[in-house]
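I'd like to ask you about the structure that follows.
Chain naming follows the written order as A, B, C, D, E, F, G and H, and within any one chain the residues start at number 1.
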Amino acid sequence: AAQERDVHANPSSAVIAAFKVFQQELDSRHDKYERLVKISRDITIESKRAIFLLHRVINVPNAEGVLKEAEGKLDGVRQKIGQIAEELRGEDIYQFHRAFTPGIQEYVEAVSFLHYIRHRSLISLEEINARLVFMNTENSDPKGSAEAPPSGALVLTFQVTPADYLLGVADLTGELMRLCIGSVGNGDIDTPFQLSQFLRQIHDGFSYIGNTGPYEVSKKLHTLRQSLGKVEDACYTLRVRGSEIPKHMLADVFCSRTTHMDTEEGVV
Amino acid sequence: AAQERDVHANPSSAVIAAFKVFQQELDSRHDKYERLVKISRDITIESKRAIFLLHRVINVPNAEGVLKEAEGKLDGVRQKIGQIAEELRGEDIYQFHRAFTPGIQEYVEAVSFLHYIRHRSLISLEEINARLVFMNTENSDPKGSAEAPPSGALVLTFQVTPADYLLGVADLTGELMRLCIGSVGNGDIDTPFQLSQFLRQIHDGFSYIGNTGPYEVSKKLHTLRQSLGKVEDACYTLRVRGSEIPKHMLADVFCSRTTHMDTEEGVV
Amino acid sequence: MKGNRRSEMSVTEMFSYIQGFLSADQDVREDIRKVVQNLEQTAREILTLLQSVHQPSGFKEIPSKCAKARELFSTVRTQMAELKTKFPVEQYYRFHEHWRFVLQRLAFLAAFVVYLENETLVTREEVAQILGIEVVREKGFHLDVEDFLAGVLIMASELSRLAVNSVTAGDYSRPLRISNFINELDSGFRLLNLKNDPLRKRYDGLKYDVKKIEEVVYDVSIRGLAKEPESGGDK
Amino acid sequence: MKGNRRSEMSVTEMFSYIQGFLSADQDVREDIRKVVQNLEQTAREILTLLQSVHQPSGFKEIPSKCAKARELFSTVRTQMAELKTKFPVEQYYRFHEHWRFVLQRLAFLAAFVVYLENETLVTREEVAQILGIEVVREKGFHLDVEDFLAGVLIMASELSRLAVNSVTAGDYSRPLRISNFINELDSGFRLLNLKNDPLRKRYDGLKYDVKKIEEVVYDVSIRGLAKEPESGGDK
Amino acid sequence: MKGNRRSEMSVTEMFSYIQGFLSADQDVREDIRKVVQNLEQTAREILTLLQSVHQPSGFKEIPSKCAKARELFSTVRTQMAELKTKFPVEQYYRFHEHWRFVLQRLAFLAAFVVYLENETLVTREEVAQILGIEVVREKGFHLDVEDFLAGVLIMASELSRLAVNSVTAGDYSRPLRISNFINELDSGFRLLNLKNDPLRKRYDGLKYDVKKIEEVVYDVSIRGLAKEPESGGDK
Amino acid sequence: MKGNRRSEMSVTEMFSYIQGFLSADQDVREDIRKVVQNLEQTAREILTLLQSVHQPSGFKEIPSKCAKARELFSTVRTQMAELKTKFPVEQYYRFHEHWRFVLQRLAFLAAFVVYLENETLVTREEVAQILGIEVVREKGFHLDVEDFLAGVLIMASELSRLAVNSVTAGDYSRPLRISNFINELDSGFRLLNLKNDPLRKRYDGLKYDVKKIEEVVYDVSIRGLAKEPESGGDK
Amino acid sequence: MKGNRRSEMSVTEMFSYIQGFLSADQDVREDIRKVVQNLEQTAREILTLLQSVHQPSGFKEIPSKCAKARELFSTVRTQMAELKTKFPVEQYYRFHEHWRFVLQRLAFLAAFVVYLENETLVTREEVAQILGIEVVREKGFHLDVEDFLAGVLIMASELSRLAVNSVTAGDYSRPLRISNFINELDSGFRLLNLKNDPLRKRYDGLKYDVKKIEEVVYDVSIRGLAKEPESGGDK
Amino acid sequence: MKGNRRSEMSVTEMFSYIQGFLSADQDVREDIRKVVQNLEQTAREILTLLQSVHQPSGFKEIPSKCAKARELFSTVRTQMAELKTKFPVEQYYRFHEHWRFVLQRLAFLAAFVVYLENETLVTREEVAQILGIEVVREKGFHLDVEDFLAGVLIMASELSRLAVNSVTAGDYSRPLRISNFINELDSGFRLLNLKNDPLRKRYDGLKYDVKKIEEVVYDVSIRGLAKEPESGGDK
């Protein structure tokens, strides 16, 4: 029987031929998955660095410089996302979603953090996706892609899923909390109140979604609640502390605060 | 106070200067770690593929061809390990160990599997390490490195740790179990008995080490025991089955078995 | 300040928008689940039908059972057609987990019918056709290659059972044919580089099927049963 | 056959060889643990000594306490010297976990003494020198940069306590000096890209220390206390 | 043989009958799940509504928010009424897990509304009435005592947040009232001999709420803020 | 203030009342646990009795062993009667987890006795009668259908053991009868649409029993043992 | 064969004997559990009594509350006496887990009473005497040193609450006394070389209590409250 | 103030005293750990020795292997004697966790040797004697009954492996003897009312061993191998 069987390893067999096709299909799928994982790791690291950079905004004189630098880093990240889009050209993105979801979430966190610092508002999913339009060639200028995409086969897009958007925004709240505590420590008394309002809105938004969202969101809800608590506590402390300002100093404090605001607004 | 503080962000400050050094040190450490993780993933994938390839040895006529091909794949893996060695030049390898340990374990598994198929014995840690000697340049011929390392600064070595060796060998037993079951299915009656002896030795070896080894070994012990059980069961079945051979067929069976063995021995 | 009020709106709006998306998603999943339950029901019926081949009396009835199974597969195709209407085709992998299990079972049943009919390995194209779906992802709801392979592996284990039961039923030549068939399959699978996933685990099981069939062939051959013309087999 | 017998030997031998290695490893760890326990004991003693600066009466005694602490650090250096003899120097990171905790505490204590002495941030070189170890890995048993930073962060939180207690003790100018110092430190840390690790968590705590000190400075300043010449501070 | 055939009939019949039973059960669960989903939706809406009391501007609107919440509770009652029709009442505990979570949330919301309205602890009777269910199990779909207690404990943690935010909003007297209330609650819970279950774990959290609120009262008190007549939010 | 004091009373009163409720609940559970322990003891005794059928000598004694088991079931009925007195019947599902395990074991034992007696599948009615409980929930303490099915599945695995051991004992015809029986059972289960729960997992084990028994039949058949008239009990 | 039969007897006998042993063990544990439940009840009552010291009105009543607590401790002693009768004293550590939790709570309560009475740290002897047990293991049911320390640490966190609440109640000097006391305690604990166990974790919490109390002292001090003769304090 | 100073003294003294106690405890544990490590080393050596009985060649050497194991047990007794000197005997349960694991392994090894020697179940007395310890707790360092049972259950699973390998080695009668033995053991365990603890879980594994061994007996029996006089390993 052994001899007979060896024949079956015969490469001319139809079964073997079919399996050679399967082999190629599986290997190329696996390779693609692996490439995506690597890109995703790069995206995560670069996005995290952009976030750290943005935290420096608080206590450097030239905030706009930092914002520009962060914007530049995120341009690099978008190029990487462009590589993902390239890999996914013609694919079902959900097939490889697990490979790149960590990186994309981190990018959402970074880009929404930058957006908040600039505009004091929540970036929308559309706004995020609008900047993920790429030229076909890898070396295309990513700046151009933010504008109306030129028609034709040269354009590639990447769509962040609502779930990844939600998860990125959930993580954003942690950075906002850090921003808030950092602001208080640096004598900025408006930002904390603004932030508490904003965080409360996001918190209420997540409460509204509740357990209808993806499972990972529910896990992050606890951290979100803690962050909100920390921000509310900070505002509380500011308030309690402010209650002791001697009457004659009130004007003083008010003045310096306004100046501070003006400076900041001017910068943005 | 706010104005005063901004001064401290002054880049001429000694503290800031020191932290810029720390920044560089941490970033380059993190980057190196990340590069090692990526190489490790590549090593894992290629080693796994070499193992799959080696399982084809059973039922192809040209076993040597498969072995050569696997050897070639592992040459590629060794080049990657060379890249790790390059990254670790002058470093404390334990500092980055977690980054590449999965890949190295998988390589140990693959190379010891190949060794077993060729020599029916357990490759030693020294034998493994002896082949991880590299020329300084990345494009050096890895074949040459297996020989006595030429003296001088051009030589790089990589040392697999005993723990990684143990963990790789623990995983090897799973592949040996697969090899055993596959052999029975392909009518080979000697390999299972050989394998059960060999696996029992490894099992007894691990029992001897017991819980004095790294924690991960204890976790793999259960799987090892299961594999041994499967191999022992297979031998048992062969034995029980063989007990029914009618007397007049015994010679026949014995003959064909010997032939089979000869073929195999000739091939190795 | 004004900007602030504007953004306050947009946060709520944004979450409403996302919530809308999530609701829609849940509805789609609910719809899919229902169709999948029906598919599972049909799959169980086909399985019950084909199980009779393991009975001593069942061997002669293989052709008629296969014919009946073929009829039931038309129900499968109808249900598949309905499933396709439940979600956008390019989001196949988003909902893959919902039908993965039943699709593997159906691939197995199709492969089993084809084997029983003419003792050949079904192609991916044939399975797709029997189930009324596509082979190529770009063309529509398709049969993922890993699901096809999983189905084939389930069949392999069914064939090892069949080898055993065919001997019980007095058909001594079938095991050898099954053995040849399954060995070819094994050679095919050896070409694949599998990850440490459920498919790999299933493939490890194939080795045991091969071994079991080898044992049956051995049992039959040492008793000299394989050579005599048997009455129970139909080929 | 013969090859088989040879290999049987080698499996047992191989495991004996590995076992030898593992035993040696355990012995090394046991030795390290003992020295580390002594280091922890000394660290606790230095801490107890320095804790007195938080007492109202303690502020005047800072110089003498620092001097005593400096003496105790010579014990630390002796113990460190012993620690170095317990394992090959190039395997520092293999056993890192054993002394990481105490090394961070010691770096904190060294940084605290230096701060108390002249209100500057200790350098990595100074800490290394106080502990009798190296800065650069290549030169020997060294102070990992992350452990140095962790020590500095522990000090930051001690300083926020000190700001509070110095007000209680009637020293109203110290908080402002601490505030300036800690803000500079904060600026430094903002330059770093940290992973999601314990150091990051500790650094997040720094923001609260900065905040707390800011509050103390505020309390002092709205009461006009900062301007009057105080008697409790020594600088 | 004959006996066998007879039993073959009866086996199929028996399992068909059982399948009928299982289907019915699954249908009931499916129905319950849907109503529970609606209840969760309403609960989330009430929650979103009531959470606005934490906004600086929200304190003046408490009465109107409570009124709106009361309206939404009538939707809850309608949905509860529907839920009751989905299964026989004596099987309450069979399906308890399905609505346990939402019922605790609703109990919390009812307790919170009652507290906001007149600063008293809701009774089990009141909660049951607000939700349109019974207190006593024998009378119908009821509020399990452990679910009631869980709801009350959720409210306690919401109140500690409220104490903080009411100060931020300039209402300095509310924390003291909350503190008294929560102390009373704590004494009440100390009368209970709780098992080592989720409720016990939740109760262990109560002491953190108590402490937090005491600290708020302390902050207000040491600054003499509680004494000055407040207008209920002055910013 | 006054209102507050009033409510303070009522809070204490409310919690005292609730504690009464919780105590009662704990007492009920304690009572149930004790009776369940006795049931487990009796179940183990019946099992020990029936285990002897696997012994070579045990096959002839099946009738007498069954008779003895029947006697022990009267103890079960007494204990069941006691169990029923421990809690209000409509709270069956509240305490279900306490007796679920032993009830499944008892259902298995009843099914096994019935099978040994006349090789048929026990009905739910019979099991309920043997255990002295009801089939229909409305009538009182009943046998949940899922627990009945779990008991049947435990028996299936016991039968695969019996098939093996009957061959050892020289009874070559029993495996074939068991095989037919178990195939029927398998078909029956295939009619069910099981959820992804413990029962489903148990059912997945059934196919291993089916396969194991088929292999026994195969072994007997290929050796021509089935044909010779055996003496070991053929019914 | 004969040997086998002999051993069959003895196996049964051996296991019967062992079952007797296991039953006895379970009975002992059951008995212990009941007494421990009563102890927990008493402990909760003492706690409720002492909690009133946190109330503004409670400060004057400290002596009377302590006296009442002393009375309740006599109940504790009775229950402890009963507990001792439930098992042989040398098996203390076998059943330690059963009463460890409540014993730590009782040690806390005893330490708290002693602190409230004369603002000193209770000794292990005093706690043992208050609870009616021994200090030295050899003499009988004793207070394990780790349980004593755990009780002391629970008290430390209670004292940080007390510092906060005494300020609220207008007693501005108490925090400073508490601060001194807790600093002494902290120094004491720093003499200990704790393992990485629950006690160590609890001790890590002590530094938060120290810091909290220092902040209270700070608040009092910066507002010049400590200097004015207060009316709320009693010492 | 004076009182305070006095207590300051006593606090330090008290904690110093306690530290002495804790140090002593840690020293005891350290000592125990070392002896236990040696015991583990010896246990591993005995295990390696006895595992050779699974080798085809090992069956003839059983008597000599047992004799060597008996010698190694004298080392165990020496180490046990040393262990006893490390702590007061009445604190057995305080340190139980340290040696529980190795004691169970040693009980298994003793039981295995006794089984291999004369195929009977070791008694608790015999195990205690082999290990040089007591059976009765009152008499000294003893073998806890649960540890004895755990050791016996480990042996059961080793015996199922032995049944398989003895057939491979050509010894066809051993499995039947093992089967009888293990059935007896199973009956014994069924007399026990085990809690839901690790022992219970281990016992649940016994039924798999029973089944496995029955299948071996079956395989031997259906091929008529048990009847032919074997020589104890013919390959």
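Just so we're on the same page, a residue touches a chain if its C-beta (ideal position, glycine included) is under 8 Å from a C-beta of that chain, and two chains touch if they have at least 3 such contacts.
This structure is a prediction, so every number in the text was calculated from the model and none was measured.
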{"item": "Count of contact steps on the shortest path from chain D to chain F", "value": "3"}
{"item": "Cα superposition of chain E on its sequence copy chain G - rotation in ° rounded to nearest 5", "value": "90"}
{"item": "Rounded Å distance between chain A and chain D, as computed from the means of their C-alpha atoms", "value": "35"}
{"item": "Centre-of-Cα separation between chain H and chain C, whole angstrom", "value": "48"}
{"item": "Whole-Å gap between the CA centroids of chain C and chain G", "value": "63"}
{"item": "In chain H, residues with contacts to at least two other chains", "value": "187, 191, 193"}
{"item": "For chain B, residues contacting two or more additional chains", "value": "1, 5, 8-9, 30, 59, 186-187, 197, 204, 208-209, 212, 244"}
{"item": "Chain pairs in mutual contact under the definition given at the outset", "value": "A-B, A-C, A-D, A-E, B-C, B-D, B-H, C-F, D-G, E-F, E-G, F-H, G-H"}
{"item": "Touch list for chain D against partner chain G, complex", "value": "37, 40-41, 44, 47-48, 51, 54-55, 161, 164-165, 167-168, 216, 219-220, 223, 225"}
{"item": "Complex contacts: residues of chain F adjacent to chain C", "value": "183, 186-187, 190-191, 193, 211, 214-215, 217-218, 221-222"}
{"item": "Of chain H, residues touching chain G in the complex", "value": "3-4, 7-8, 10-12, 14-16, 18-19, 21-23, 26, 90-94, 96, 118, 120-121, 123-124, 137, 145, 149, 180, 184-185, 187-189, 191-195"}
{"item": "Chain C-touching residues of chain A, taken from the complex the two chains share", "value": "1, 4-5, 8-9, 13-16, 18-20, 22-23, 25-27, 30, 90, 92, 94-95, 97, 119-122, 124-125, 162, 165-166, 194, 197-198, 201-202, 204-206, 208-209, 212-213"}
{"item": "Chain B-facing residues of chain A, complex", "value": "1-2, 5-6, 8-9, 30, 34, 37-38, 41, 45, 59-61, 186-188, 256, 260"}
